[in-house]
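Next up: the structures, one after another.
Here chain A shows up in two complexes: once beside chain B, once beside chain C.
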Partner chain A sequence: MNKTKVLVVDDGVEFASTLAERLQLRGYDATAVYCAEDTFAAVKSEPPDVILLDLKMPGMSGIEILMTVRTFAPDIYVILLTGHMDIEKEIEGIRLDNFDYIMKPVDIKELTVKIDKAAEKRKLGRE
Partner chain B sequence: MGHKDEERLLSSHLSFIGKTLSVFTHEVKNHLAILKESVGLIGDLVEMGKISSKEEISETLKIIQSIDNQIGKTSWFCSRLNRFGHRMDNLLSTFNVNEAIEDLSELLNRLANQKRITFQRDFDEDIPPIYSSPAQFQLLVFRIVEKNLQRIDQGGAIVFKTGYTKDSITIDIIPEGNLIEFNEEVIRNDDICEHIVKRLGGDISSAAGDGKVAITLPLSYPASSGDIRQTVTPK
Partner chain C sequence: MKIRDKLLLAFGFYIFLAVVLSFFAYKEMQAITTRITIVEAANDINNKFLDVRRYEKNFLLFRDKDSLQELKKNLEAFKENFDEIGAEIVREMGFDNYRMIKGAIDEYEYLADRINERGSIDKMRSRARDIQLFAENLSKKERENINALLVRSKVLLLFAMFIILTAGGVINMKLAVSIARPIRDLEEITKRVAGGDLSGRIEVRGRDELSSLGVSFNQMQDRLQDTMKSLELAIKRLHEKQEQLVEAEKLASLGRIAAGVAHEINNPLAIVNEKAGLMQDIIEMSGDFQNKERFLSLIHGIAGSVNRCRVITHRLLGFARKMDITVETMDLNESIKEVKGFLEKEFLLKSIRLELNLMDGLPKINSDKGQLEQVFLNIMKNAIDAVEGGGLIVISTAAKDENTVQVSIRDSGPGIPKDKLKQIFEPFFTTKGREKGTGLGLFVSYGIMKKLDGGIIVESEVNKGTTFIVEIPVRFRV
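Now for the complex of A and B:
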């Protein structure tokens, strides 16, 4: 069985790399990138099943990164990582499919449940 | 200053505190997220029996060291907020403007970082302390920084330059980089900034051309400004 590919995107290098390592230990094919440009390159070269994307990134917000990724990879599932309590306000008026979010600090069990659900949906969408 | 102006000043101050707290808590949540992942990783390694070789033990010690560093960073950041809060304890006190600017810029770093704008300091280290309102001084600096964050393009900077003369101190706030929406009147016409500066017995001006805002404050709060402790009683 193929491993679920997860791309962790967060400008906090320590956070993103540690989270990717913990996901690898749980059997996911996880890698981390730390800026918008590397996210686009990674998605184009090896599209992941799920992107874990920080909502607040320097220069380009998580929502802007998400919208850009969707222009060339429309079916990738995205889970937004956010420290903001008012996530609903942040995404107000934006139509988002294949989308979920999780609050920081992250509960790894809750996160893996969301990743597995997302990967399952993506698989069903392909069939 | 009329009752309406006082109300506007109060609401502006509350908004400033609210924004600063939301940036601060977001930053702290990020620090906690790193701590949680690092602790979680050690837990994973122990649970999966992956700490036995010399190399694995060494890797684990590195993670523990990183946790220690992260606690240090979080504690340092909390002490900035603590000082920010304490500056409001007394409406008038003796304080160092370099420290007040430094505390504020550290708390607002994330806001600037999101626009890839940096804060730079060109402080006169010998600047004397002033007797004034630190809370209103920080509100004044915040309003000017907030406007500059809106008009400086990505990659720019905001420079804080301080200096002093015999009976006053000077603070220049200088935008550097590409100014998206350049209108020097924007600061001059900010009546809240004007009210604060007047109340503190100082002067504010914005230079033509480079968008620099220059503030001059007296070393001591002027008696002619009346009692700053008068507060607005909501009707």
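Now for the complex of A and C:
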């Protein structure tokens, strides 16, 4: 069982499910969820190695979800999905370790590199 | 001289002229009066002697005592008259003649006392003729004298009239000119002022009230002209500022719209990207089937277009979202070098000559380093695109004034035609073709410089090259 476990969080079902499927095809254990509650439940039941988190979500923003997740899974690795580059402002005041971001539309190769890097880091942290 | 003084002087001159003329006229009249008495006296003498002759004739006719008596009485009167104007007679007829005639008169008197002696009468009559001739001559001469005097007076009078007319005329003319001309000038120039022409100046002559009025008027004109000039300048600046503001506002709203559209497009674009990606994944993993390659190349085409869209939306969103500015103290020259290092490869590839004129001691500035470097990068990239291989790019930094520094990036490229100059800052304006340029580089740079309180100025000449000047405030204030 050394498949990297990825949780894709995005309110856009089409986007999240398709991305999850593509990741599965590339050998990741990827699941997609579409709201905050499902995210918390999923993290609690089966904590993933990496969360791909959309910055813009209805109701709870990506940042808020990130902060909440961090309360019970502090060292979880998060990659933010954003529409633009300028997220420095929004992530101000957040612990920046175990964190990365990538812009939508996503280049799949770039994304897998980031996920692998995160998984690597996480493994190192465990040892 | 003051106008009052001028008038007083002219008036004084007239009075002086009148006094002089009156004096001469008086003298002339006196001379004439004297002459008239003399003429009358000469006439008297003549008449008296005629009386003497009449009694002389009577005596010869009647030989009576009475006639002789009367003759003597008249002779006495004649002598008296003669002595009265003796001096005048001497002057007029000469002393010798006077003495001779005086002798003749005495002889006549002597002979009249001895009238009854033989031969007396004849002698008397011969003397009487001499005397009578003399008296007539005297009278005639005096009349001639007075006539000459009258002629002289007439001439003098005419001459005086001539003098008065010419001198008075000249003085009046001068006076009128010295007063009327400045007024006329003033009137003329005031008319021009009313018509909006402020260039007229009064020619200042002399030092009277009108010339001091002229001096003040000229000063007023200077002032007015200066004020008008600065007013025109201010209006021109206002127009320019207004145009800039309108332009900036236009770009800002364009930016907002573009960003809104980009945002809306971005999510569906992400989905297209994933779906097409998944299709590609699945097809690649499937075994060979009819048209597999064809599908793959079609998907490749979709991916390429998505990529291009992504570049555009990212730039637009980045621009629109980059409202926040991170101010830090930075060395502009260092930043330029950094950006230059970033583009080193492309300079080499096109064998572009690059000149750096970085000012020593350029003040450190407070600004957003990342965004400024973005601007320099965009402009330098454009310069690289513009010049042919072997072209020249000059990058200089300078302090414009104590509050502003500037970076100028000059290239030897083809330049930008005048009618395109305004458009280059608009989003999506590009001449590089859909594949190469998005037309957002300058739009984004312009927006950044606006946010940073600076600006971008372009100077371009077709076939000569283009210079972009980025002006940056030394201290950025929110």
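The working rule: the second predicted complex is superposed on the first by the 124 of 127 C-alpha atoms of A that agree within 3 Å, B and C clash if a C-alpha of one lies under 4 Å from a C-alpha of the other, contacts with A are read in each partner's own complex, and residues count from 1 in each chain.
Note that in this section a residue touches a chain if its C-beta (ideal position, glycine included) is under 8 Å from a C-beta of that chain, and two chains touch if they have at least 3 such contacts.
For clarity, every value in this text was computed on a predicted model and none was experimentally measured.
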Next item on the list: Look at where chain B and chain C land on chain A after superposing the complexes, then choose clash or fit.
Entry: clash
Margin query: According to the stated criteria, A:P74 is in contact with first (chain B), second (chain C), both, or neither; which is it?
Written below: neither
Note to self: Just to be sure I read the superposition right, which of the two partners does A:G59 touch: chain B = first, chain C = second, or both, or neither?
What the structure shows: first
Note to self: Contacts for A:G83 in the overlay, against chain B (first) and chain C (second): which applies, first, second, both or neither?
What the structure shows: both
Next item on the list: Pick out the shared contact residues on chain A: the ones touching chain B in one complex and chain C in the other.
Entry: 12, 14-15, 18-19, 21-22, 25-26, 83-84, 104-106, 108
Checklist line | List of chain A residues in touch with chain B within their complex | finding: 12, 14-15, 18-19, 21-22, 25-26, 56-59, 61, 83-84, 104-106, 108
Next item on the list: Spell out the residues on chain A that touch chain C in their complex, using ranges where they run on.
Entry: 12, 14-15, 18-19, 21-22, 25-26, 83-86, 88-89, 103-106, 108
Check: What residues of chain B sit close enough to touch chain A in their complex?
Finding: 25-26, 29-30, 32-38, 40-41, 44-45, 48, 50, 63, 66, 70, 110, 113-116, 154
Checklist line | Sites on chain C touched by chain A in the complex | finding: 263, 266-267, 269-275, 277-278, 281-282, 285, 306, 309-310, 313-314, 317-318, 320-322, 324, 326
